[in-house]
Amino acid sequence: MFKLETNLLTYHYPESEKPALHDISISIPAGEFIAVIGANNSGKSTLCYALAGVVPHLYHGKMKGSVLIDGTNNNNRTVSEIALHVGLVLQVPGSQMSGVRFTVFEEVAFGLENRGVPREKMRERVETVLALMDLQEYATRSPYQLSGGQQQRLALATVLAVDPTILVLDEPTTFLDPQGAKLVFDTLQQLQQQGKTIVVTEQRLDLIAGYADRVLAFDKGHLVMDGRPREVLTSPKIQSINLNWTRYTQVADLARQKGLWPRDLPLSASLFETVDGLSHRRKTHAHSR
Amino acid sequence: MLPQQSTATLFIDTGSWVQQLHPFTKLSYILLTGVTVYLGLSGWKYTCLFLLVNAVIVASARVLKQTFHTLGRIMLPLLLFMIPIHGFLYPENKTVLLDAYGMTLYQEGLVYAITTLSKLTMVLMASLLFVFTTHPADLITALSHAGKSPSLAYLLGSPLLLLAGMRERIETIQSAQRARGMQTEGNVVRRFCSLAPMILPLVIGAIVEVEQRSIALEVRGFKSTSAKTSLRILSDSTVQRLARWLMLLTGAAIILFRLIS
Amino acid sequence: MLIHVDNISFTYCNSVTALHNLSCEISAGERIALTGHNGSGKSTLVKHLNGLLKPSAGKVWIDGKDTTTAKTVQLAGHVALLFQNPDDQICKRTVWDEVVFGPKNLGYPTKRIESLAEEALMLFELTPFKTRNPHDFGYSERKRIAMASIVAMDTPVLVFDEPTAGLDPYEISLLTTTFKKLQSENKTVIVISHDMDFVVENVARVISLAVGRKVFDGSVRDLFKKPVLINTCGLRLPQVIELGNACGLQYPALSPGECVAALEEQLRQVDNS
């Protein structure tokens, strides 16, 4: 049984003619790190919403096919029940806040209060999660006085509080600087090592290459590629779906044209792979002399 | 560094005994004050007694300075406005107190103005006591404990935090429009016209925020039907519960007495 | 000199000092990136260029005008400023009305307003949506609408605050095209950005701020010779430069083409030795 499955998922937003998702079938085993890429309006966010049950439970609209979490159909659960299994982090961290809690600590506790967790257990859990997200020193601060990166970590903390096994993040790095973005992905990698299944949508392809086990590429609501990062990110198809190769891939491609890239080696999408590919060529070059 | 966001709470953390009281106890006190002042006892002696008692409570809550400062800011303009209006123009004016420069100040109007203002002062004092000594989070907790519907507590609680961000946003929107050459200074018509480009972004922003927040609340189990718990501990006691009932019953008795007589 | 920032300091009313003794000169036709951590004073600085903020000390001169005495309304005709969040800016019910709002405020003749708006809409591929409501669209389209309305103001200086955040690569390429066009018209473009891959390909000069002070002012190539500086500004090296460093290139290469050429050269030297 897969951790997360969608079967021929098609979804129309209300009053929209074109489907936002078209016949999407994905099977995700537990513990995988999945990056979802695609241009704007390609269906990435809608996929996140569908996995968390926000679509169609809160947006209504027309849905065909199914989303299964641990074998249970999302249609048979409420959004709040699904959230115990699938933690959804929204794109703008500010909108994840409850709006009725005055400190970071209370904000994280909010979801636990709603689930009736006893006070002592709640305190313990909040402290654990704050430590995990490196937010202890801000526990008594207002959630609205944090920097962008801290607020993003707080949004993640509020989701982690109820300990879901799957984390779904909708472009978590849009409003962060490059170092902040990298920090988010480092955190996700840690969570993966603790056994979580990660699904994250992302525009920065160079960031994905070093973290994801698998990349899904979307175009106009269709799943157009599904494979290992190196294979998907270096595919010529990337350009045709309004994305760009990373500069690493561009260099590798040019290098190949100039004979600086081993003929049987596929193009690369990350710094490490590219440096490796280029050094390989130099070694063979030296040997041949 | 960004300018710090102002918060909309007036709470002052003094740790006083009034602060420890359950929010509903303090709310009951406001209610009782209102009913007593407007429907119950009247007369100079009671007014003075009431003011004294309240002043003592406020002082022991260690918010005396803030309370009188705010009271002054609200009551002084009213005083300056109402005393002459009623002193000169109150319909039942008979007894002349002062007659100068063709203007006549009457006793009845003066008494009426002072009575009205002193009643208002007392209710205001009790309310300020509540506002200064109650952390909004405690009020929200109390409301969600008491009510069957969490939405009411949310409705009452959220503006405190959300309005705080509003002022900052208004400033940003205004800057954005001024940067596009919008006139914000000048005559009344021009100022009025400059409001429209401010309101639309603000309203749309609020709608988007409501939509996103409703998703966030849903995924965070806000509408979950299971019994809720609370992180904050609200101190309450049998004495307080009794006191609340007593205050509410007294209030009800006064209203009833008024209706009959 | 088009822009002359003369030793300015700025303190917010809550006594947070956002800028310290900052000076810089910018001439017509320059393309400049303003970089630094969140809270380093970048946004505060650009708000001085159109008089939204007035320096606590020092002076800012725009095209010979002192911003302390000139009104923002007048300066708006010289410096257009794109705010980070398009939703702070969009205030009309059709895309067309939104784009002509700025030029109308500046009092341009109708003919000119129309041709400017048409052109700006075309640059951001918004022409088919003229009569639509901006709020029918997603974030990135709204961002494009906001950018088109700034470009339509036809000012000698344009400032963009994080223009690439939330845009996909295709939309970023529209912005690149727009920058090229603005440069051909000898307009000054100042861009606040964390996106180093965008910066390296679109600007010539970088000004870096850290806690309200200028810590670097020079060419892009020189900036990338200072990795410590990149770190203190919360930035990351652009991918090509990172790659060049990892391959032991002596000089920072700014584009994939340059990088591969340098790699070839490196190999040739190995061969010769």
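The chains carry the letters A, B and C, assigned in the order they are written, with residues numbered from 1 in each.
To be clear about the criterion, contacts are C-beta pairs under 8 Å (C-beta built on N, C-alpha and C of every residue); 3 or more make two chains touch, one makes a residue touch a chain.
None of these values were measured; they are calculated from a predicted model.
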Graph class of chain-chain contacts, one of line, ring, star, complete, other: complete
Chain pair with more C-beta contacts, B-C versus A-B: A-B
Centroid distance [mean C-alpha coordinates] between subunit C and subunit A, Å: 29
Mean-CA-position distance for subunit C and subunit B (Å): 46
Multi-chain contact residues (two or more partners), subunit B: 4
Shared-contact residues (touching 2 or more other chains) in subunit C: 39
Partner subunit A, residues of subunit C touching it in the complex: 37-39, 138-141, 165-171, 194-197, 234-236, 238-240, 242-243, 246-247, 256-257, 259-260, 263-264, 267, 270-271
Residue ranges of subunit A in contact with subunit B within the complex: 52, 54, 57-58, 78-84, 87-88, 90, 92, 95-102, 105-106, 109-119, 122-123, 126, 142, 144-145, 158-159, 162
Residues of subunit C defined as touching subunit B within the complex: 12-14, 16, 18, 39, 47, 50, 52, 71-73, 76-77, 80-81, 83, 85, 87-93, 101-102, 105-106, 135, 149-150, 153
Residues on subunit A engaged by subunit C in the complex (per definition of touch): 39-41, 147-148, 171, 174-180, 182, 203, 206, 242-244, 246-248, 250-251, 254-255, 258, 260, 271, 274-275, 278-279, 282, 285-286, 289
Touch list for subunit B against partner subunit C, complex: 1-4, 169, 172-173, 175-183, 185, 196-198, 200-201, 204-205, 208
